[in-house]
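Structures for review follow.
Both complexes shown next keep chain A, but they swap its partner, so chain B is in the first and chain C is in the second.
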Partner chain A sequence: MREHILTVNDLEIQFKLRGKCLNAIRGVSMEMYKGEILAIVGESGSGKSVFTKSFMGLLEQNGHVAGGSVVYYGSDDGEEVDLTSIKKEKDWMKIRGREIAMIMQDPMTSLNPLKTIGAQIMEAVLLHQKVGRGEAKAKTLEYLTDVGIQDPEVRFNQYPHEFSGGMRQRVVIAIAIACKPKILICDEPTTALDVTIQAQILDLIKELRHKYNLSVILITHDLGVVANIADRVAVMYAGDIIEIGTCEEIFYDSRHPYTWALLSSLPQIGVKGTDLFSIAGTPPNLYAEVHGDAFAPRNPRALKIDFVERPPYFQVSPTHKAKTWLLDPRAPKVEPPSVVEKIRNGGLI
Partner chain B sequence: MEREVLLDVKDLQVNFGQHKKKFEAVKKVNFKIYKGETFGLVGESGSGKTTIGRAIMRIVPSSGGEIIYKGEKINGKISGELDKKVIKEIQMIFQDPQASLNERAKVDYIISEGLMNINKGISAAERKKKVDQALLDVGLLPEFATRFPHEFSGGQRQRIGIARALIMNPEFIIADEPISALDVSVRAQVLNLLADMQKKRQITYLFIAHDLSVMRFITDRIAVIRKGEIVEMAETEELITHPVHPYTRALLSAIPMPDPKHEKEKKLLVYDPDMHDYSVNPPSWQEVRPEHYVLANEKEFKEYKKLYY
Partner chain C sequence: MLKYLIKRIMRSFLTLIIILTVVFCLLRLMPIEGYFPNFEKMTPQQIQVGLQEMGLTDPLPVQIVHFFQKLVHGDLGVSRIYRANVPVAEVLSDKLPVSIKLGVLSMITALIIGLPMGALMARFKYRWFDKIGTLFIVCIQAVPAAVYYLFIQLYATKIMGVGLLFQINDPKYWVLPVLSMSLNNIAFYGMWLRRYMVDESNKDYVKLAKAKGMSEGGVMFKHIFRNAFVPLAQYIPTAFLNTVIGSIYIESLYSIPGMGGLLVTVIKRHDNTMVQGIVLLYACVGVVGLLLGDLIMVMLDPRISLGKKEGDR
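And now, the complex of A and B:
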């Protein structure tokens, strides 16, 4: 049995907006293992960012955890911490950076333009590691080398505007690493970057995971990136994880109609001259209560029960489960679309 | 079969700044776009692909070379009559639907602004008819005309951007990264819409993007551009299955495919521009396979030729 670093039980997050209540996360349960890279995929608005922000107490003012728990096992004294019970900023400061660190999408806006790169990384080192200034500088140079920045001595004294987008993202990663976190949350870390740079950053994350013993949560909407880097994949739709499994299980043997739809709409799959598959309709309105399977109204294969009762998780294998009534023994047999077969047979290239 | 050339770009140069600060964004670029086809320009940020699109739209002035549209030169000084024709026939779709629509104008005005500029005396009834039709064409409802852009989602806003281009009945559309700001599921819808419009109206597209996987789906021919120079050009399938220039190969190897096995086994190619030794033998434009061109000097050309034989 692999060791857990984080377990989420029935987490619910609500936002109050103009007197109305928005259910952003609707009862999510999930566990995360030590040292793995877990990818969370979903459309914008599916709640993937909100979900992970709640691990760090970074929800907006009008949002709150309405139920459930997030238990963190990684702290040095070995004590379990329920992250949802933390109320004070002072207590969050012990978690943020030190235990769980985050890399944002846009490296242009997450660095301070008025401070040198070196000073920004050193700040994190001084704050989180008990070292003097001299040693902190040495460590900073080491981190810069680790994230693949050449001439660290020169780069140390430069400002963010002297760095390219990919290099800035490397600096942001260096800052996160300098906090010595156990969990690293990467929120769309490569969306703003070119493909060649993206590939380099993904390689870097893989390398650092081993070196620093990190557990990584990767939030993305790019399934190509997921295939490249993830050990396990969670598919999120309308504030719920509807399918979770190993990377191979999700790509080669997915079971939820939404995962099928997501895979089918990839341009990499498309055949020129024919229409690309697109998901009809829009995601459900989360202000209202969602009845049954949230994806049912957009799902041409929906069963009657999908509109009435919310499906529980059905186990496909010990590592793979999905929330769809299609997996119920009483359900009619529905064939997955041809795309699943196509990916399995490597028919993409 | 001789195909009709719609747009012919000859030795196009675009420079920014002057004298010491001069920066060559586009260096003597040549390509032809045939009528009815979708031509793709692929490159990374800073490669000059957007600048080429903007030079054709005459948003940025060209510093040298010629842009010939239907046999007439359209860059530099042109007659008022031609100017009007070019404005009407060449339209553009922008990348970011959040930034490219006037926040303070209603959809009705946004879509019909170009129409009113070209045809000052257009009656209100006719205008409304055209706006309604344009909205229907892109899959929106006519009653949206009285709303403001902030009331729409990203995919809908991009549709408004497309309706604004289509209402002019253009022959040629420049689409600058039209889907990169959109969500995965919405991307498919917008790509389908663009392909559908092409079938119905025989529109010619210049598609500018950084994502080769999207390009493969939508384009007929692709030019790969790097640092203001086209390094390779061929028909889409030919380019993707038989890339010869090291830069194209690096770019292709970097595209993440939704297949874990393939991804875990793949080897990333890294392009190092220093690998070319052009000091003695400068590169030129060579045909390495039928209709497949590459920028190479004599020595490289021989090596490239050997790749697939």
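And now, the complex of A and C:
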């Protein structure tokens, strides 16, 4: 099959908070292929950001990787690097930017207000590409053009406050691109933007992926965004990827009750005049150990075993797997909610 | 920008004129003893003649006009009591340079020590350097200045082998007063810079800079420091200019012939012309300090532009 660029095995991340231990990521395994756009979806607090931050050593001070490995295959010398074994800042600096770069959620705050955007992009060029200042400036102008900013020469000397939100996000993307990374992590890149700009930014990411051979991890809670851009989708719940598959498989043939619930909550699916679907209950308390399937208490279709034992991955197709006992041969046959059928037929997405 | 500057300077002048007029009028309400060093021994006629000579029998508006006319020619009047019949400008020019030199040296010391201290404390937050720095700041803030000033005078003079009293021409004698005066400012700049830098270091642009692959030190000094320095910078011109006021305590402790306490003294002794002169000086310092502070802010922070009405952010 296609070449891996990153594989995660049984990754566990814990946070120490007020003397207690929070299990933010509970044994996640997944793999990422070169050149794909992998979307990670899930509700707030499901661990999407923490998961990807750990790839860059950017966890908060009180967080640490408690187990598992993240193996990165992309480095130029072809060596495999286990990112979880990196301890020193100095070693992380070889990964950050150069191998894996990140775009953050809020473009209004992610640029330094006192530096010209030219200087901020050039900084990345000078850090990661062995060029002089003159050449770095030329490259910076090129990146500005690449991300769709008009009059790059003029814009080069302007400050972030002279840019609109969408334009700032383009600048942030230019900074990420200027590092020449192999993996680009986009942490909710469109959440803070208005809808018309969202589409433009997504198109830009799609376009740049081809131009710069990027593998993209897209974190979002917007399924519309996912359908628009992703090749594969991982659904995260309570610190675990409970279902992963191609975009079509997740939207048209999902198997996990949580994925069904997520899809049912899409406003586009709702019938006019009826209340929007919402998932009852709250996500589990991650301070305590979670028994069985983390989603079971909120799942009307939960089986007895869901409360006792954690389901393993069941392979649905070579590209699609889900962690639910419903896929066990012994499980009773449970029909997915009508939504799945509706999406399949209606082509709503 | 230039237009704004001119407008701003004109407005400063207006402020000065208003302050001086108010002070001038207030001083006219003072008893007339203040104009004569030997008031008790004078006859009413002598007093009347004296007042007339000084133009104090004229109506108030005329007096004000005269006062400003003289001021334009640089004439601040003559001290009556503090140093009888010596021009105010001369009294000030004897004392000012000493206080300014002392103050400026102590400000420079405070910036040179305080800013790096704050920056390093932020960089090594919760590590030993930060802890020692915090201890120092807490001590300086909690112990009354008078106590450690005395302590320094009593013990450090012995260690340095200098006398208790100040000798203006010996650089060795400058060290302790300058150091004592700067301690409080060192703590001030250290504390606030650390605090602002810690605040800044949690912001998104810092995370992005780190994600870019910059070293922690690089992020600290290329990104965080300048952002944290902006809110401090606007006070620095005022702090420098305020050195003309002198330090009452340090100057009296070491018997330094500076400005410290001069205003209080001349008010107590009803030396009205001296009061006018000193108030003019302080008002100028205040007004110019604010202006320079604003200009520094404009230079450091591109988001602030003077003279434009539309506030973008």
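What we mean here is this: the second predicted complex is superposed on the first by the 346 of 349 C-alpha atoms of A that agree within 3 Å, B and C clash if a C-alpha of one lies under 4 Å from a C-alpha of the other, contacts with A are read in each partner's own complex, and residues count from 1 in each chain.
Just so we're on the same page, a residue touches a chain if its C-beta (ideal position, glycine included) is under 8 Å from a C-beta of that chain, and two chains touch if they have at least 3 such contacts.
Predicted, not measured: the structure shown is a model, and the values here were computed from it.
*Asks:* Once both complexes are superposed via chain A, do chain B and chain C end up clashing or fitting?
*Replies:* Fit.
*Asks:* Going by the contact rule stated at the top, is it chain B or chain C that touches a larger number of residues on chain A?
*Replies:* The partner that reaches more residues of chain A in the superposed model: B.
*Asks:* Now for A:A302: first (chain B), second (chain C), both, or neither, which partner does it touch?
*Replies:* After superposition on chain A, A:A302 lies in contact with neither partner.
*Asks:* Quick check on the superposed pair: does A:A199 touch chain B, chain C, both, or neither? Answer first, second, both or neither.
*Replies:* Touch status of A:A199: first partner only.
*Asks:* Touch check for A:L141: first (chain B), second (chain C), both, or neither?
*Replies:* A:L141 contacts neither chain B nor chain C.
*Asks:* Would you check which partner chain A:H221 touches, where first means chain B only, second means chain C only, and both and neither mean what they say?
*Replies:* first
*Asks:* With the C-alpha centre of chain A at the apex, what angle separates the C-alpha centres of chain B and chain C, reported to the nearest 10°?
*Replies:* So the angle at the centre of chain A is 70 degrees.
*Asks:* Which partner chains sit in contact with A:G97 here, chain B, chain C, both or neither? Use first/second/both/neither.
*Replies:* It touches chain C, and chain B stays clear.
*Asks:* Just to be sure I read the superposition right, which of the two partners does A:L38 touch: chain B = first, chain C = second, or both, or neither?
*Replies:* Neither partner.
*Asks:* Once chain A of both complexes is superposed, is A:V172 in touch with chain B (first), chain C (second), both, or neither?
*Replies:* So A:V172 only meets chain C here.
*Asks:* Tell me which partner A:V70 touches in the superposition: chain B (first), chain C (second), both or neither.
*Replies:* After superposing on A, A:V70 lies clear of both chain B and chain C.
*Asks:* Between chain B and chain C, what is the tightest CA to CA spacing in Å in the combined model?
*Replies:* Superposition on chain A places chain B and chain C at a least C-alpha distance of 7 Å.
*Asks:* List the residues of chain A that touch chain B in one complex and chain C in the other.
*Replies:* After superposing on chain A, no chain A residue contacts both chain B and chain C.
*Asks:* Going by the contact rule at the top, pick out the chain B residues touching chain A in the complex.
*Replies:* Going through chain B, the ones touching chain A are 44-45, 153-154, 183-189, 191-192, 195-196, 210-214, 216-218, 236, 250-251, 253-264, 268, 270-271.
*Asks:* Provide the residue numbers of chain A that touch chain B in the complex, in ascending order.
*Replies:* 43-44, 165, 194-200, 202-203, 221-230, 247-248, 251-252, 261-263, 265-272, 275-279, 282, 343, 346, 348-349
*Asks:* Applying the document's contact rule, which stretches of chain A touch chain C when the two form their complex?
*Replies:* 56, 58, 89-90, 93-98, 101-102, 104, 106, 109-116, 123-124, 127-128, 159, 161-162, 172, 175, 179
*Asks:* In the complex, go through chain C and note every residue touching chain A.
*Replies:* Answer in residue numbers: 203-205, 207-216, 222-223, 226-227, 230, 300-303, 312-313.
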